[in-house]
Each structure stands twice: as structure tokens, then as C-alpha cells.
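For clarity, chains are labelled A, B, C and D in written order, and residue numbers in each chain start from 1.
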Amino acid sequence: MNASYAPGEMMTIAASRLLKNGDVCFVGIGRPNAAANLARLTHAPEIVLVYESGAIGAKPATLPISIGDDVIAERAQTIVSIPEIFTYWLQGGRIGIGFLGAAQIDRFANINTTVIGSYARPQSRLPGAGGAPEIATHAREVFVIMDQSLRSFVKKLDFLTTVGHLDGGDSRARTGARGAGPSVVITQLGVLRPDPASKELVLTQIHPTASVEDARAATGWELRVADDCRTTEPPTPDELAALRALNASRAATPRSSRL
Amino acid sequence: MIVSLAEAIEELVRDGDSVALEGFTHLTPYAAGHEIIRRRKRRLTLVRMTPDVLYDQMIGAGCARKMIFSWAGNPGVGSLHRFRDAFENGWPVPLEIEEHSHADMAARYAAGASGLPFAVLRGYLGGDLPRYNPTIKFIECPFTGERLAATPALNPDVAIVHAQQADRKGNVLIWGIVGIQKEAVLSAKRSLVTVEELVEELEPRANSVVLPAWTLSAVAVVPRGALPSYAHGYYPRDNAYYERWDAISRDRDAFGRWLEEVVRGG
Amino acid sequence: MIVSLAEAIEELVRDGDSVALEGFTHLTPYAAGHEIIRRRKRRLTLVRMTPDVLYDQMIGAGCARKMIFSWAGNPGVGSLHRFRDAFENGWPVPLEIEEHSHADMAARYAAGASGLPFAVLRGYLGGDLPRYNPTIKFIECPFTGERLAATPALNPDVAIVHAQQADRKGNVLIWGIVGIQKEAVLSAKRSLVTVEELVEELEPRANSVVLPAWTLSAVAVVPRGALPSYAHGYYPRDNAYYERWDAISRDRDAFGRWLEEVVRGG
Amino acid sequence: MNASYAPGEMMTIAASRLLKNGDVCFVGIGRPNAAANLARLTHAPEIVLVYESGAIGAKPATLPISIGDDVIAERAQTIVSIPEIFTYWLQGGRIGIGFLGAAQIDRFANINTTVIGSYARPQSRLPGAGGAPEIATHAREVFVIMDQSLRSFVKKLDFLTTVGHLDGGDSRARTGARGAGPSVVITQLGVLRPDPASKELVLTQIHPTASVEDARAATGWELRVADDCRTTEPPTPDELAALRALNASRAATPRSSRL
């Protein structure tokens, strides 16, 4: 079977491949959650999933809709309070990978999840910081997964919620942030990684469903492309099957309710 | 100690109070929030790490003049339209906001529960939040000279949380995702816990939190008091409710009809 | 991950290290401390809230050059005579001390576990401890101007604790009085947990603490490894041992005979 | 039965009478522990005993020897970590009565548990601060129970471990301490309470086994005696029986052990 697949599926699968067995991953909601659980159900059964709701070593039986769902609690190794998860576990430097989504990103992988437009008069009001600023500060490295478009890959963020590589170079390290910052950005078009010196995001992989031109056209700055930019391996049938089963497991809640 | 929900809200929540109805996805105290709406409490400062549909409802009902938070949204669905209407258009009353990160809010509650005037965290360096929120300051470590964020302790006038069980003396047991509930209660000047049921004897288990009766102002028995959020061991989250809220909240009239129903005793 | 006690001590504890063998009456890691004596570790900074007979033994054996603590004594019996001999007479080697209060030490461990460089507490105002301990400083709250104590985070080179159980992957379960063990382990650069037994599956219960294997450097199975202190659910405290220690520790020769026996493999 | 009793028994019983049903009491080891448990077993069954080892609502079946004993853990309402007991519970202002022992006390109820003699060259090295400084700072009031003698009731402390009323008057309040400080000192001879204004300890009760002269002779400063200094009610047979049963319950540990 060599089923066709959606770009979003490629994105989640490409992200899940980057997670290794035994990694300790602080999982944001949405695509990070799907990718991290896909990794756990495929090649990384011993991955340690940590959720900001306080669950450590979570093994959700179905895909949680929110990071505080009961399926996250039910088979977690332990559950701690929210102050503890952010102090002893995240700020304490115990997290290997912080896995985030984002609404806007710039060329140095700084992230906006606060507002599009002005703060006082938003064009679109986003949820805000949540755990992201400190996840990005303290995790040893950060993965970002998000849709790539001219709306999201912008020259200048409307609001700098979460510091990635700040102004590039060593500007992030000079803030005192202990983790190394974003090491990879996965989109529906490809994979970007910061240049080791300048920290500017460089396209290093393009998915089979997209072209380098697509990626350039979906980026609000002049996108750098690696000389050795390679094509992502397409999803294997096993990966696709596992991802689809995971998505199908998401709680359907047919129960009616008064509003 | 064990009183009706109506009595508890009337007694404990006063116009102008800062009120934290906490719950991290799990055990959101919806019934208590709706009682606040019904009793027409006004000018509240609503505090919560993750304001969701409940605060959207309370803001739409005109209960709030300010919201202090770190993540506001209808999880998995989208924006909070009543919140936006209040913040952007002042409808039905103007709403001020004060925004932090989760780590900060958690540290602020913990500082409040600990009797400290402020919390210290590694964070915010380089980001925009401190430019918009003057309560975020920076201090130097007296030993290493490092620059750290400092924010004021949270000590709400009232904290309200929902829990699974209380015994007849008013001791409370919470399990599953325990979130920030303990800190919210211990940081507050007054506190109310609504519970699914009274039991003869609490049986603490792994990862459970016990709140002794003497740390609380009141306990009210409100079965299904967390719906549409979930109560671990009692009922699942009603995801459809959150989805339906999107349409209702987008429209002032649809919201008005929802509100009338709640006020009539929904 | 799961290694012998001898291997673990040899690998993890290095001459000159700061070492925290924690346990608040419960689960004092005696076997590990005796192994440190046997392997002749030297110039250690011994850190513990409540140094008792174990640290008296390690100090008498010449392992330590400094002790950081908040309450030192043979509980219910009296003084630590080997500690006094080292501090007052430099026998067998001089011992420096650094003294805090419990609340301070607990806050220092918590700060260390939290990746913060210092801890803040309301305390010490008016007392003599800050006059003798220059690591206790005072800072001003940036919001209220209040004067608060600040002390440096504890991040020992090695933390050693005893627990009831581990599973075969090295995940650890502690219950009963859980004390400061979690913070000691999470604050340390390296850590060893000795356990009563290996079990197929941990069964967390009320008030228990789980330390995932990936937070630890090593686990060693050492049944009765907390004796003469107690292990909740396994054995009671051997109070007679603590009483007998008083006579042994008062006398360098009697202590020398005790030491020979331990080194021979007691 | 009107059994004779020892002054130490009178002291413990006099202290236990001061604890009320429903009080939240942070219990130090030694005599505070005996007195608090006696109160629980007699007139104050609903007293909440909190131990610095992390036990809240402890109901030890036998008298614990140390504050971390298993009998304290076994029937406690909940057990928290040591950082939590000192932050959320003690510093958080939730403790009504801090109940302490002491080696030395001065006329303003300041306490020394650190050293007799000089710090560097101790005549007697005591255990140190433990939880006492913060217990005395944060509890709404503080009870002190200790033997009264010229060695212990001193004009000047060798070391000020724990602030009572500091230099008297409002000097304690000016440190920023939130609790009201020591409200009573119970000894084998009588009971002392601070003068409301000067905060100097005043003898307000004398036990039937002692005289005011005994108390004066056992005090290293000129002891003030209240005009209405009354004689303590002697132990009732029930109180004595309960105290003796409690003391007898202390673990005997007949088990032999190698040293």
C-alpha cells in the first residue's frame, strides 16, 4: 500500500521522526501533541512525554484534545502540581525537547502567540503566552511545528511572545537563557534549521508534496535554502496508519448537552 | 462549613473582588461561575491561568472589569468572542487585561500561598510581555548577579475550585490533574470548593491533594458542577459544548438568549 | 542504572564533593554512608537538614571537611560527639560548619531543584544566625519594599537517598514521610537512590513520591539500607542503636573500634 | 485517686490545657509533642497537629520519639514535602500556635538552641535552629515549654537563635514578623506571660509543687510577678492517667542491633 497523504500528515510524521526513544519532551497542544504521541506509538516507545498540566511520563490511550485531558492523567507515571512542573521539571533543566506550535515566527525563530495587529486593538487576538516562553527558555532544544505561509512566516512579529534566537548570533545566549533554543522548525512544506553561526532559519528539507519555490513563496523574508537541501522521505504506510489511527482515537463525545 | 452554592457565592464573592476560579482543563468550576452570573456580581477581577468558556460567559454577562491570565482561549476551538468584545469594544463593560506566562502565574500563586510578596523566575528576558505588563520587573540575584524576573504574589480575595469529594467535616479530596487548585485556595483570603459528592471517609490515593476543612471558607455540594469540563472518575469533558459555544459567543443576541436561560436558573 | 552500592559510591562520590545524604528521621541512607566511610572518601562537604548519627560517623571517620545543616543532634539522645570533636578539636580533621534554619535549607534545596540561583524567605530578621553565616543575605521586595532573607540555592555534587522500592528500569517510589528527598535528588548534579527492594511494578499511593529513572544517576538495591533509621512499611527505627551510639561516640577509642568493624565490612 | 505527680508532669499538663479544640498547632519535639498529644487525647480531640516533617492532621497512636516517626505518618490527614510545610503551611500564615522547646530564654522570650558559650569554642553545642526561627516568626502565637533554672532563664542569651519579643515593646513587630510572638512560657515551676506593653515575661501562674520564690531563684533576671499570680490547678486523675499512658506508649524497641 502506498497511500496518498496530506501535507499536514507529512508535517506531523516528519516531526515525529525527529523524536528519539528516551527523549524527554515537553509537549504543547495541537500538532506537537500528535507528533509526540505518534513517535511514542511508532519508533520511540520509551519517549517521556511531559505536559504542562503536571503529567510526567504520560501514555495517553487516545489522542488528547487538550493538555489537561483525563487520558493524559490516566496512565502517567506521576502527576505533579503546576507550580512543580514549571519549577522542578522545566526551569530545573530536566527537559530535553520543548515542542511548540506557533501562530507567527520570524527568521530567527522567535514566536508570536499573543496578538496579530496591535496589542490594544488586535486584528486577531491569540491565546497568549501559556507555557511557551519558559519552555523555549529552559528546554535543552526546541522544536517548532506550524503551518508555513506569508501570514505566519513574517519579517517582523506583531508581538514577541517567546524568544527563539532573538536577533541571531549569540543574542539569545546573552539573555541568560540556558537552553540552546529552536533547533528545528517543521512545516507542511519542509524543515528549517538555524544556521549554526547566524541562527537564521535555513530550509534544509523539502517535503515530497512541495517545492523549494513553494517554501520561498510562503516565507515573508528572503528564505535561505541549504546547498544540500534534501527531500523528506515520504510517510511509510506504517507511519500513516499509526497517525490516522491516532487522529481517529480523538474523543468524539457524541453526548448531547444543554448550553 | 457545608452550605448551598447560592449562599456561598452570596457570602464570599463581593462586587469589586479579585476572584480566581481555577482548574486546568480538569474540574473547571462552571456551576459556581454561573451562580456568580446569576447573582449579578460586578466589577470582578477575574484571575486564571487558562480562562476559557467560563470566563467568556462571565465577561459577557458583565461581571468583570479586569482579567489576569496567561492563556485565554476555547481550547481546540478558537477565540473567546465575549472576551474580545469586552476588551476591544467595551461591551457590555470595558475590560482591562494583565497578561503573564504560565510559569509566572504558577509562581505568583505559589508565592501567594507561601506568604511571600513576590515570586522569582527565570523568564521573560528578551520578550515583549514585560513591555506591556508593568507588574513584571527584573531583579539581580544577590549571589550570582544574574538577572531574573520578579512578579507580585497573587492573593485573590476569593478562590473557587471544584473537587471530586468532601467529607462531612468539609475536608476535600482532588485527584487526577491537580493543577493549580491547591495554590489558588491557599493563596486566597476566602475560598469555596464545590464538590461532586459528600463521602463518609476520604480515601487519598496516588497524586491526590487533600485540602483540610480548616483551610477553606465553605464547601458546597454541586454534582456535575464542573460540566462541560470533566471530573476525573465522574464524567468526561463535553467537547460538543465547547464547539457550540463558538457560535453562541460570536453573536451578542445569541449570547443574550444563553444568558437569559442561565439567569432563569439553567 | 541498577548497580551495586560499592560501584555506585566509587563512581559517583569523589573526594572534595559536596554530598547530601538526606532523610528526615525516615529513610536515612546509612548503608550508603557506611560505604563512603569504607571507600575512604575525603574532604567532603556534608549537606543535610538534620545531620544525626550517620554524619557523626562519617565525620569521625575523617570523610568531611565541612558540614552544612540546620539541626544537628542524636534525636532524643543528645549531642553528636564526633562532630563536636572535629569542630572543636580538629579530630581527626578540622571541620568547618555553615548553619541555617530548616525553612532556609528546604528553600535552598527547592531553589536548587528549580534551577534558580537563590531562595527567598521571610526569616532571620533579628536573630544571630546571619551574623555567623555570610551566605544569608537580605533583599528588598521590588513591589512592597519588605526586607526578606535570601540564601544561595543548594546544588550538591551528589545526593543520596534511600527509598522503599524501585522497578527494574530504575524508577523509584518513596512513601510515608517524604521529607526533602525529592528536592535533594533534583537539586544535585548526580544522584544515587538505595532501595529496599526491586518490584515488577511500582504502585504509587497517597502521599508517595515517584522519581523517574531518568532523573537519577544510579539505583542500588540495599535491603535494610536505612537501619538504624526506619523504612515505612519495612522496619521500625532501632532506637537502641541511637542510644548506644552516645557511649561509643564519646570516646575516640571506642569509636575507633566501631570504625574498624565497619571498614572490615560491617 | 489523687495520685502525687512530678513537676514535669504538672508542666506538660499545664501546657496541654492551653491548647483548645480546633487549634492548629505546629509541634516541636520533646515536651511540646507530649503536651500537644495529651491535649488531643483529653479535652481537644479535634486539635490539628502539624509536624515539620510534613505531616498535617497527625494522630499518632503512640507518643513519637522524633518528629519524623512512622506513627506520625500513619494516621496523618495528609503528608506534604518539607519545602511545602515551611512555605504553604507555616510561612503562609496557616498555623495558629507554634509550640517550641528551648535551652535558653531571656526576659523577652528570645530563645537560644544553638550554643552555650562561644560559637567557635562552645561550652555546650546545641542542635541549632531547626524549624524554630520561622515557627516563631509565622505562627499567630508561640507557646514555649522548658525547664526553668539559672542555666536556662538567662539575662543574656549566648546566641539568639529564635526571636521572641526581641528587645521588648514593638521591636518584634518592627522586624516584619507577622505572628504575635510568644504568648506563654510554661515551666516546671509555673507559667509566664509577656506584659502587653513591655513584652517582658511576667510570672502569672505558679504550680502547686513550687513557690514564687522558687521561680525567682530559678530566673537569671529580676523576675516580675503578676499581682494576680494564681496557683495552677493540680493535675486531675484523668489528666495524669492520660499523660502516663501516653508516655508509656513511647516505642520501647527491644530489638537488639549490631553497632
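Here, a residue touches a chain if its C-beta (ideal position, glycine included) is under 8 Å from a C-beta of that chain, and two chains touch if they have at least 3 such contacts.
Note that the structure is a prediction, hence the values are computed from the model and not measured.
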item: Chain D and chain C - chains in contact with each; value: B
item: Starting at chain B, fewest touch steps before arriving at chain C; value: 1
item: Selected interface, B-D versus A-B, where C-beta contact pairs are more numerous; value: A-B
item: Distance between chain centroids, defined by C-alpha means - chain A, chain B (Å); value: 27
item: Cα-centroid distance, chain A relative to chain C, in whole angstrom; value: 40
item: Chain A and chain D, separation of their C-alpha mean positions in angstrom; value: 56
item: Chain A, residues touching no fewer than two other chains; value: 78, 87, 91, 138, 178
item: Per-residue overlap in chain B, given as positions that touch at least 2 other chains; value: 110, 115-116, 121-122, 146, 182-183, 204, 206-207
item: Topology of the chain contact graph, where touching chains are joined (line, ring, star, complete, other); value: other
item: Each pair of chains that touches, named by its two labels; value: A-B, A-C, B-C, B-D, C-D
item: Residue ranges of chain B in contact with chain A within the complex; value: 24-26, 49-50, 69-73, 75-76, 79, 83-84, 87-88, 99-103, 106-107, 109-110, 121-129, 132, 146-147, 176-180, 182-183, 206-207, 209, 227-228, 230, 232, 236-241, 244-245, 248, 258, 266
item: Of chain A, residues touching chain C in the complex; value: 22, 24, 48, 56-57, 77-78, 87-88, 91-94, 138, 178
item: Of chain B, residues touching chain C in the complex; value: 115-118, 120-122, 135, 137, 139, 141-144, 146, 148, 150, 152, 203-208
item: Parts of chain B lying in touch with chain D, wherever the complex brings them together; value: 110, 113-116, 171, 182-183, 186, 204, 210, 212, 214-215
item: Chain A - residues contacting chain B, complex; value: 29, 52-55, 65-70, 72-73, 78-83, 86-87, 90-91, 114, 119, 121-122, 124-134, 137-138, 159-163, 166, 171-172, 175-178, 251, 253-259
